[in-house]
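Below are the structure tokens for one structure; questions will follow.
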Amino acid sequence: MIEVAARLQQGTFLLDAAFSCYGGITALFGRSGSGKSTVIAIIAGIRRLDRGRVAVNGQVLVDTNAKIWLPPHRRRIGLVFQDSQLFPHLTVRQNLLYGRWFARRRGDEIAFDAVISTLDIAALLSRRPPQLSGGEKQRVALGRALLANPALLLMDEPLASLDMARKIEILPLIENVRDAFGIPILYVSHALEEVARLADTVVVLDAGRVVACGPPATALGSSPQPPVRDRFSIASVLNVNVGPFDERYGLTLLRHPAGDIFLSGRIRPHLQEVRIVIKAIDVALTTELPRQLSIRTVLHAHIGAIIADDRAVAVIDLVLPDGSRLLALATRKALDELNLAPGRPVFALIKTVAMDERPVGAVDTRRAMAGGER
Amino acid sequence: MIEVAARLQQGTFLLDAAFSCYGGITALFGRSGSGKSTVIAIIAGIRRLDRGRVAVNGQVLVDTNAKIWLPPHRRRIGLVFQDSQLFPHLTVRQNLLYGRWFARRRGDEIAFDAVISTLDIAALLSRRPPQLSGGEKQRVALGRALLANPALLLMDEPLASLDMARKIEILPLIENVRDAFGIPILYVSHALEEVARLADTVVVLDAGRVVACGPPATALGSSPQPPVRDRFSIASVLNVNVGPFDERYGLTLLRHPAGDIFLSGRIRPHLQEVRIVIKAIDVALTTELPRQLSIRTVLHAHIGAIIADDRAVAVIDLVLPDGSRLLALATRKALDELNLAPGRPVFALIKTVAMDERPVGAVDTRRAMAGGER
Amino acid sequence: QSDPVLVMAAASLKNVFDQVGADWMTESGKKVAFSYAASSTLAKQIEQGAPADVFASADLAWMDYLDQRGFIRTGTRNNLLGNVLVLIVPADTAKSITLAKDADLSSFIGGGRLAVGNVNAVPAGKYAKQALQALDLWTGVEDKLAQVDSVRAALALVARGEAAAGIVYATDAKSEPLVKVVATFPAESHVPVTYPVAVTAASSHRDAGSFLAYLRSKMAQRAYAAHGFTYLE
Amino acid sequence: MSDVLSLSPEEVTAVRLSLRIAAMATIASLPFGIAAAYAVARWRFPGRGLLDGLIHLPLVLPPVVTGFLLLLLLGRKGVLGAFLADHFGIVFSFRWTGAALAAAVMGFPLMVRAIRLSIESVDRRLEAASGTLGAPPLATFFLITLPLAFPGIVVGSILSFAKALGEFGATITFVSNIPGETQTISALIYTNTQVPGGDAGAMRLMLVSTVIAFAALLVSELVQRRARRRLSLVP
Amino acid sequence: MSDVLSLSPEEVTAVRLSLRIAAMATIASLPFGIAAAYAVARWRFPGRGLLDGLIHLPLVLPPVVTGFLLLLLLGRKGVLGAFLADHFGIVFSFRWTGAALAAAVMGFPLMVRAIRLSIESVDRRLEAASGTLGAPPLATFFLITLPLAFPGIVVGSILSFAKALGEFGATITFVSNIPGETQTISALIYTNTQVPGGDAGAMRLMLVSTVIAFAALLVSELVQRRARRRLSLVP
């Protein structure tokens, strides 16, 4: 569990943020300059705060009232900086192994080989940081933090300058760190897909304050109004049971009370229940069961609410048979023409092709959630 | 027109790239470490090449055969570095105005006020770079390059650490630079949407070589196989005529021989013809004209080809009545169940809500395209 | 307001010349300025065109050096002052010795060192070497020397107890309470310690001659005595 | 200050002169120091090693020797000295300007080394950035390199200034020890140590020297601190 | 080399001794120089200004005075000297170790300033990064700060070494000029200049001194260049 309550005046900027979250991956989301890096720096002990308290898994790192301040090197925090901060005089290998020299050996550390192969940096080991490209630096920085055997991983936009294909390769590594080693992760990202896939908790910062805090569905999805003003960022989360994998078509069947959902590709083995993130723009509506349509996933639902303003696109809050919620987008024109209104039954069409191995995460029922406090 | 033919050995990495493009915005696309920043550095004159030639608008910047090498300060190139490279001893204002001191006055420079308001950096003017957040640095660096009144703008992932909302605000500024000042732009990005919206030409680099070069539709779209291995990156481009704007529903009607396309929001005024980028994952197929469906855009097409392998999702190359191409995605299962095969007529459904003001660009017929050479 | 007479003098003459100069200025209303440094330095500067009017050297060698090269106005050179060479020990030393041929200076020094000015360069050192050789003491102490670059440094080494003994001028020994004189070198054991003075050949100052003359005044003679120098007629 | 320490007029003159000479030596050699540091740090040219060695020479040779060489070269009868005197009317020998020159020469290796160290630590990518913004090399030098090398310039100046205060070997050999013209505090201290009973005077002057040096240090620290604070390099 | 220049045995001894003394002075003062530079650069403690001033003192005072002060402090009867001799058997007077000490003291301000300049230009965020990776402050110092301050350490060492070669004022005053024990090249050069007709000998020795200094410079440049190349800071 990470508990943060921090107040810090920094020039004209006032950080006054409090949140807490239980294990897993917590995403820090917010506009440029909203204070994300500052929060990270405070937890890592790189920046002192004016007033407040930071605790991780019950260990108090900072408490200005109790005059506690644990120096950074005793916090066991792996930090991936926004600007990599590799040691220029050391080779990539020495950078990667730097934290190992100081880490307590536990015997179950992340394997060096696994990290360098996933990050695809084997060819760079004998180079020095000035000889790396931007994305290569970021990958090495990520590896360095992972290999330090941290008790908490803080990452400040670790994948910002990586291509999509690379991201898709690296994300499982991060999840694996969480799952295999139970290391909680706090993660800054502007990429909704990354956040949606990875985060168990989302903390939304705005101008130094926490404006939303909760599971992705709550923090991002159920607030279709600002802070997340971008309709591409609206998403919902469904818990589904894993059905069989169709070898022939390469599809995994997911079962939900509202209907079957097809997912391209395989899900990590041995998972029974998973959580999928469905972006609202990938959900279409129809009032008639469609035929001859390439969209294969059809869920039964009725309209809970319609959130519309003078913009072209409205958000439709759908209620599924089991009471769970699914958000969809449609133009107001379509709503009028289809005569859609709260209470009406509809079919939700979800494009299988738009969903992939990325927005799926295992459900860990141990993990609960503490709301944001201020 | 930008012409590049460059050979440079850099450690074990060999850059051997040649391409040329006519004005407008050219996107450099490619995996981490593929040589994008190196190409940018060569054009800017920051890195010398072993052999080759670089010319911009007919002016030769480098020619190793003719022993020409124009020093960077005489190239009139605005460069936005991957890691901002702001001057730490100057204020943000001084950084922004730095290039102005040296620029030839033309009287029609980009207005300082317009740049700082679009980039939302007015509050930062008297600060110094170490007091900025990561995204703030990037915005200032972008402003600095724009205000230097360049004849060519080179940008290395200028928006990588910005949130989506911020990007949406800044993209029009970049387009405006191209349109109002006719400044050609070469642009590195990993974000398909940015590239799709902005680029007139896409150059795809892989391991130091140009593997594709052409309009976005050609370079990205028509090569659904690697280098762009990610199905989220597949897109096509359609030229459409601008119809009336529906005040009530906030929709713009776009006319295409294959049918009407609805776009949420307004298009910049006075445009008659625009180019829209349609991502393949936003296109669904049906063999029956659908009724009661929230998807309002329906285009007539027939199947040109189906590109499938053992993965779940196949790419369908649709031929529209005017001969233009549109790429769609569907699971192989759907293809089989709908009995789709080359030659069959289908309806392409395009989600209006998934398209917005972003993937639209004005068509400039003056701009043609030179293919990649090697 | 005319320029002062510039006297370039050996540094060891500072105290006494400062006093004589002040007296002359009061008496004559004319002006004099002193530039004190090592005689060697001053000689080379005069050779290189220094605007000196009078040169006062701490030994004959540097005066000869200039004289032979024509930098000294003929007929102005004369030996003004003399000094006495003494053997000193730290004030708390009880030992005594008489300086004569075959005196056992070596065991007098014991395991310690004998501080002297550089025996090739510093005038006091040159005299010391000459005297020790004349008394056949040189070979016994040659390896026990601590040569320094000025008499004052030698004096300090003895005063601080670093060196067991030292050879300095009587004028210097007199000023340092932490040392005591155990013996005086016989006058015949070395070339007399002589401070020659002269007007430089390049000098055009009309008062140079009158200052040189004043150096032999009664007033000046009193100052020499007060500082322990011997006045040479 | 002169009252508190009750300095003699001669001493006051020496203190004033020392300050003038040290300031002059530092200020006048700064442009050359910067140019030499930049040349040695950034350019590869034949004779670079020689230049570098020459710059260090005053450090390696006994000061008296340096002074002697200056005397031979720049004295009235020296090759360069005669030339300068005849054609430009510049005379160093036995003038305070000569003392400043000697001090400048003695402090030069220290100044150049400090500045060079700072220039070498300037991030060349920032210079490249300046170039792409249209700044010609000279502008880049003055607007980017020099300000970023500021710490080295301050340190180089303070070292040169301190050395000028302490220098006497080269000075006394080159321009002698003439009151009001070339007799600096250091030379006076030295002269005092050469005569019986001069130690008290030497001590008093050493104190003055020390106070001046501390004051100069303090000023340089403040200047540096301010510059660093502007860069937010200190908390 | 000694053959080519046909040095006398006395001169050869002086050259050897000078090298030994300069090397010893540099090596032995390096840890103290680094510690002092770090303390002054990074810590704020009462007396910091005083320490900083003290370090600069040998630069500001005439070398002869520094030699006198050393004599007072570290001589046989000096406060510290007596203590060291009685309790540790360390004696400096008239020993080559004393010459090395004098040289080290004279070179100390130069060494500290150069190292400090480099330490102050080390990016503190890298030190922070080291901390987050679990490195305690001492490890961060040795693994990050020190290697990144390497250019300053090399420059500080070369300045100290060169100064040690050129130093004679403090040395001769503190430990005299004993052939084979404390008579360095510089002392020998000085002596030669004080003897009528000694100039030729002085010139020859100056050449030797210069050659040594050039060699030392060359080595330091190579070391630096290699370090910088590893960081890809030179093309």
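The chains carry the letters A, B, C, D and E, assigned in the order they are written, with residues numbered from 1 in each.
Here, contacts are C-beta pairs under 8 Å (C-beta built on N, C-alpha and C of every residue); 3 or more make two chains touch, one makes a residue touch a chain.
Remember, predicted model here, so these are calculated numbers, not experimental data.
Peer 1: Using the touch definition from the top, how many steps at minimum link chain B to chain E?
Peer 2: 2
Peer 1: So how far apart, in whole Å, are chain A and chain C when each is placed at the average of its C-alpha atoms?
Peer 2: 90
Peer 1: Which integer distance in Å separates the CA centroid of chain C from that of chain D?
Peer 2: 34
Peer 1: Go ahead and note the Å separation of the Cα centroids belonging to chain B and chain C.
Peer 2: Chain B and chain C have C-alpha centres separated by 90 Å.
Peer 1: List the centre-to-centre spacing of chain A and chain B in whole Å, with centres computed as mean CA coordinates.
Peer 2: Spacing between the chain centres: roughly 27 Å.
Peer 1: Got the chain C residues that touch at least 2 other chains?
Peer 2: There are none in chain C.
Peer 1: Considering chain B alone, which of its residues make contact with at least two other chains?
Peer 2: 131
Peer 1: If a residue has to touch 2 or more other chains to count, which residues of chain D qualify?
Peer 2: 64, 68, 190, 193, 233 - these are the residues of chain D that touch more than one other chain.
Peer 1: Name the touching chain pairs, would you?
Peer 2: Touching chain pairs, listed by label, are A-B, A-E, B-D, C-D, C-E, D-E.
Peer 1: Would you tell me which residues of chain A are touching chain E in their complex?
Peer 2: These residues of chain A touch chain E: 44-46, 71-73, 75-79, 81, 85, 87-89, 98-99, 101-103, 128, 130-131, 144-145, 148.
Peer 1: Would you mind writing out the residues of chain A in touch with chain B in their complex?
Peer 2: For this pair, the touching residues of chain A are 11-12, 30-33, 36-37, 82-83, 123, 127, 131, 133-136, 138-139, 156-157, 160-166, 168, 190, 192, 229-233, 246, 248-251, 262, 264-265, 281-282, 284-288, 290-296, 310-313, 328-338, 340, 349, 351-354, 356.
Peer 1: Under the stated contact criterion, what part of chain C meets chain D in this complex?
Peer 2: Residue positions touching the partner: 6, 8, 11-12, 14-15, 33-37, 41-42, 44-45, 48-51, 150, 152, 171-172, 174-176, 227.
Peer 1: Tell me, which parts of chain E touch chain D in their complex?
Peer 2: 49, 52-53, 56-65, 68, 109-110, 113-114, 116-118, 120-121, 124, 151-152, 155, 159, 162-163, 165-169, 186-187, 189-190, 193, 202, 206, 209-210, 212-214, 217-218, 221, 228, 233
Peer 1: Write out the stretch or stretches of chain E touching chain C in their complex.
Peer 2: 64, 67-68, 71-72, 75-78, 93-94, 169, 172-173, 176-178, 190-196, 198
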